[in-house]
Structure formats: C-alpha cells, structure tokens
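If you scroll down you'll find the structure; I have some questions about it.
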C-alpha cells in the first residue's frame, strides 16, 4: 500500500469583486493533482514559483484548507478529518521549512525548539527530554553543548539542521521538505542534502521534496512530478524525466539547466531553439483551447504526460 | 564522545544567558547611555520613593483633620507648601496624591494592556473572518468619544469606588493597543515558526501566548510605558473635573481642582501649582524613559 | 472610487445606529426621565396622575418602541426638554454650537500652521539643533495633560502678565455687532485656542518627521538627486507630495481629540460651548442634555473619521484596493 495517495486535489481561492464583495472567480492554486508516495521513496514536486507545489505540500500537512479531493495517508483521508482526529497524524507527517531564519522562534533556545513537539505528544521527564534532545542534536551533526544557544548564534546550514532535528523528534514517517536548501549557500546545500539522504536511510523516511531546482531534484528524487499552473504536466522516474522528457514544458525546463561545458553551449542553444519551435507548432497538443493542461495520460508503466 | 554529553548544565545556561542579554538588560544599557533618560529615571525614582514612603514621616490622620485656624497659610517651615481651605498641609496631600495617581495609572495601564493584548493576539492570530468581525467592533469602539463616555459612566454607575473607576478607565484605554498588537500579530503569523508550531501539533492558545507573545513583548512594554503617562494624565484630569477618584481619595487632580477661582489661581498658587508642575515633571520623566525603552526594543535605533 | 465612498458611507450607518442604541441605553440607565423636574414639589399632582401621564407619554412601553420614538425625534432635531433650563434641548444647544465650532476650527488651523512647518524642518534637517528643539517641544507636548497646560497658560498670561482675558467668550456689557465686540471675542479666543493647539501638535509633527526621514532614503529620492534635481525641489516636488497627503487621515483623530480637549478647555475657560455645557449638565444631572451631547459628539466623530478615510482614499490610491 502506498504511504500517501493524493487524489484529484483542488485548492481554490476566491476572488471577490463588485459592490457586495461577492465571489466572482477563483484562483486555481492547485487544480486537480494526483500522485502516490511509496514508503521509503523520495518524490519530487518541481515547477516554477507560483505553480502550486508549496500549496500542495502545505495542504498535506494541514496548513492550507483543501477545496476538494482526497489525501489518503495510510488509507485514511486527511482532508475529511476533524481537528482532533488529524492531530493523531501530526506525529507521522512533519515538515522542513524553506527559510531557516523565520522558521525558528528567535526567542527560544535550541532545547526548547526541539523539545516543542516532544512536549506536545510525549510525557517525558526533564531529564529524558534533555537526553532525547541531545541525541537529536548530535544526530544532525551539531555540538550537544549548543542546546542552550539561540537560533541567531547559528549559521543558515546549522539552523536548517536544527529544523530537521525538530522534524525528526517525533519519528515521523513522511517528511515534507519545502525547498529545504534554497535559502542556503550553494556550498552548504550539498552538505544538507547528503545529510538528508543519510537520515532517510537511518529513520526509514519518505520524503515529499518540493523544489524549483532541477539539479537538486535529480540528485535527491526517485520519482518526479512536474507542475505547471496548478496541474501536473508530466510524472515519471528521475531517469525518464531527465532522459526522455515528453511534454514541451518539461523539455523547456530541462533545457534551461545551465550547461557547465562551454563546448556544448551552442548545442544547447540549438536544442532550446528547436524546443521553442516545437512549442509554437504543437501548442494545441499540450494545451486545450483555454490554455489548460490536459489530464495525465500513461505512456509507460511509470511515465505519464499531459498530452492529447 | 560520551563525555561531551555529560556537561555542567548550569554553567552552560549561565554562559548563554550572558551572550543573550535579556530585554531588561538592554533597556538598562540604553537608559544609562542616554543622559536625559537616566536623569528622568533618577528623578522619577526620587519622586516615587518619597511619595510611597511618605507615611513614614507624614502623619496622614492629622493631615486629614480640618483646622480652621490654619486656613490658606502660605508656604513656611512648618508647612512646606502651605495649607488649603481646611488648613490641611498641601505637601502631605501632594505626596498622597502622587501615590494614588501613580498606582491608579499603573493599574489602568496593566488592565488595558492585558485586555488589548488578548484581543489583538486573538484577532491577529486567527485572521480571516474572526479578525474581520473583531476589527469592525474595534473600529466602532474607537470612534466613540471616550472621555464623554467615561464621564457618563462615572456618574451613573452605582456604588462608585476606586475599583470601578479603574475598570471604567481601563475599558476605554485598550483600543489602540489592541490594534497595534493585532497588526504585529498579523505579521508574525506569516512567519514559518508559527506554521512550524502548528505542524507540530501545538494548540493555538499555546502558540499565541508562548510562541507569538514573546516576540511581541517589547512592543507591549514600549506601548505600556508610553501610555502610562497619558493614563495618569487622564486620571488627574478627570479628578480635576470632578469625575475621577471618589471624594476622600486624594489625587494630584484634587489639588489642581482648587484652581477654580481667580483668587486661588493668583493668590494661593501654592495649593495647585506644585501639583500641576509635579504632574508635568512626572509625565516628562516617564516619557523620556519610555523613549529609551522604545529605542532598546529596536536594535536599529539603539544608542548603546 | 465611487464604490469606495459608497461602501465607506454605508459602514457609517450601522455605526451610528449602534451608537444611538448605546446612548439610549445609557439615557435609560441615568436617573430621571422626561417627567423628572416637571412636577417636582407640586403637591397638586398625585402619584396616580403622574402614572397616567407616564402611560400617555409612552414611558411604560417596551424599550424598542421608546427607542424608535426617541431616535425619530432626535433625527428631526428634537432631543426633549432640559430638566434644569426648562427649555427644549435644541434651543440650548443652538447657542453653543457656534462657539465650539469656532474654537475647534481655530484650534485645528493653529495646529496645522505650527505642526506642518516644524515637522518638515525636523524631517529635512534631522539631528540639527532645530530638529533637537522641535523634538524636545514634541516630547513636552506629548507629555503635558491639556488641563495642566491650560491652567499654566491662564496663570501666566492672565494673572502674572495680565495680557489676555480668560473667562467666557466675550466681555460683558459690550454691544453685539460692534468692532469692540469683535475684538473682545477674538481676545477671548486666543488663550483657549493656544492651550488646545500648542500641545496637540505632536501627532502631526511626529508623523511628518518620521515619514520624511523614511522617504529620504527611498530609491525615488535617490533617482531624483542623481538626475540633478536641486535639493529644495527634491523636497517640494518629490518627498512632500508623499508625506503631506496622509495628514488628511489624521483629521478624524484630531476631531476626536478636539472633542475630548474641548471638555477640558471649555470648562477651564468657562467658555460657553458644548463641552462646558456637557460638564455643567452632568453636574446638575440634566440628563436629556447629556444624552443629546453624547449622541451629537459620537456622530461628529463617526462622520469625521469617514471623511478622513474618503479624503485619504482620494489622495492615496493604494487605500482603495482593500
């Protein structure tokens, strides 16, 4: 059974207008997406900013309200749960936030930050709590002496490790990582990413990895879903997406990855021109008359594309 | 490896405390670096210590006794600030009035602070419809001419006491605070540490008061110091008009309210002028200290 | 734009209705009603007869019926009879409104005449000696309670120096309409106006100073400087355009302040306006007058706030969006 199965998830925001502030239209932030996460895998959600990937992640953890659709976590629908019932699953799903500066409360020391989830769900004596926090801090590679320090005394990478330690505290099954390294220096990014892979093995975690950076997604993810304007344009394994992109949007994204080798620069430029040509010629294959994407269509066991 | 885990906890905590000075320490440092604020604080402390310790050297019972042989005496060695229409010592009343006015000012400020804080936090934290309704109510309350309403309430409330007076004043003093705190709470709400707390299953009330509030505390402290002065001003003003403290409870306003006839204003200045000047000095001192507190709460403005 | 004005005006209606209900409730809670005082000490009228008149006047009806009648009368300008003055409240007010409006108008004018230049000077030449003086003046203005200030003004200007009169709105025994009358009125206005305005300038000064300091660092100002706009014009053409307009938004706030201030100022100067009338009526328990005054002042503040919102929306298009 899949760990998480999202079915036709829709998140709309009303646009109000006119004299009585009536709802005149909706912003379709997420417009009917479906995907599955198998236990232990890393699933990547990619797309440009504003495409709905963060909104989807936040809906799964309960920070956004869902307009319609199902989110089956171990077979139970999170979308239909009441507040109390949902709380039981808080332990299983945790989140790593994008901004390591605003996601840690500057008024609390590391001990209090990491102990927060423990205090909500587990009754521990102060001594046990201290030991657990020290363990976690050591696990994420920070000095256990630093638990009385405050967030501003750490670097961005260290703060993100604190955020990860906090997410790990309840031993979750699924971690939603919302652009976990995009606020960090490139030199630190690789460190944190590799570390995330390490703990994935140790804790048997499943990741929903949200990013706009195709390079990082390729490095991290087993399967990938490409989002554009609230819908999926293509879904498949990492190698399928990178080696055999079918949708013109995916092709354009991949062609936009900077090329390090100057010899290949012209090659790349020609590739981009030919993709652009294709976009202009075959537009109707990819977008319907309203400019919306078609539904996903399977082209192989694991690969599907939104094409006519 | 095992050894590093076993550490002297107390020493560690103390060390980090030193690295992260509390707000109180920052305020103190700021005040010391601002001569006006330091002078104000010292002057204020002298006034308040004298006023609050006055029962030690002033006989209050004797001071309330009417003595018709001693009416309207000008300042002398015996009566430093002369006597009033009942032959009572003005200096003694001044001290008593300062004490009462300051205590009431503090009470009103704390009451209004608690109220405004709760209202603003709830409104800002939940946002959306709740915020909308709460803000409409606040908009409405803010347009009421509060001075008139306070006066009307003071007159029609049965069993009028100091306590009801504080309640009435407090009830009209929290609107601005609520709005201020709500605006900041709205900003904080968008930050991820609040979202993080929610994803970790922390109950809303706990998030409001244990996560959000510490980040707003400097704002609250600054606002309370600055409004303390205006609350004292309002209390003395109301008492001056005759709608403040119940008769029998002295306030600085009581002394100033003697200045109702030209004769007293001009020829018996010792009754009202010291109280008027004392209010002025106290307000200025509180404000100078308040400005220093304000700077301390904002790292960009700090002098120290 | 029109939509914003219309919506803003509509918000005002429930506010006024709510205020009127509250005022009505307060009026009911106040001791005495329309009959109090009318038959006081008249032995010819029995308790029974009073009951009959009460019934006839509808004083025993449910509150909402009474409220409806009261509101309908109030809208038509009928606030009932004053118990003390034994004349319609409307008559009583008519003579005072003019005085209060005059006082408030001049106070407002003086506030702006003082505050706007000082605010600009302090903002433009930050940390100069002029700025320091203005900031100190501001601290003092913010800290001083209006009644203390007014008393000190009287003490110095009327008693110690003897320059200006302090009581009433005009000298007695001067014929209405003459030049002397005009001069006397003007002289009587000076102290109340100055007492009300000199220490009420801090909102505007503080705002202007802070805003100009903020604007100075903005990119559009740097651009203007970079393309060679003279320093004076940077202020008149660029910064002040942005900084001065929102002052209109404080109008509503100023009106609230003026109503509160007028209670103190008018009763200290025995100036025959609405504020003084309010205090006198409360003291003599003349509650029909009190009710009328509270209702009128509340409405004035609500309308004032609405006007400043609308003015602000005209000068600053960003407000309209929300």
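All chains are identified by letter, namely A, B and C, in their written order; residue positions are counted from 1 within each chain.
Here, contacts are C-beta pairs under 8 Å (C-beta built on N, C-alpha and C of every residue); 3 or more make two chains touch, one makes a residue touch a chain.
Computed from a predicted model, the values in this text were never measured in an experiment.
Here the chain at the heart of the shown protein, by mean C-alpha position, is B. With respect to chain C, maximal separation of chain centres occurs for A (centres as means of Cα atoms). With each centre defined as the average position of its C-alpha atoms, the distance from chain A to chain B rounds to 49 Å.
Note on chain placement: the centre of chain B and the centre of chain C lie 25 Å apart, centres being C-alpha means. For this pair, chain A with chain C, the centres built from the Cα atoms lie 57 Å apart. Those residues of chain B whose C-beta lies close enough to touch chain C in the complex are 139-140, 143-149, 151-152, 155-156, 229, 233-234, 236-237, 240-243, 256, 259, 262, 265-266, 269, 272-273, 276, 279-280, 283-284, 286-288, 291. Chain A meets chain C in the complex at residues 19. Those residues of chain C that touch chain B in the complex are listed here as 15, 18-19, 26, 29-31, 139-140, 142-148, 151-152, 154-155, 159, 252, 256, 259-260, 263-264, 267, 278-279, 282-283, 285, 290, 293-294, 297-298, 301-302, 305. Of all the residues in chain B, the ones that touch chain A in their complex are 4-5, 7, 9, 12-13, 15-16, 19-20, 191-193, 195-203, 211, 214-215.
By the touch criterion stated above, chain C contacts chain A in their complex at residues 3, 6-7.
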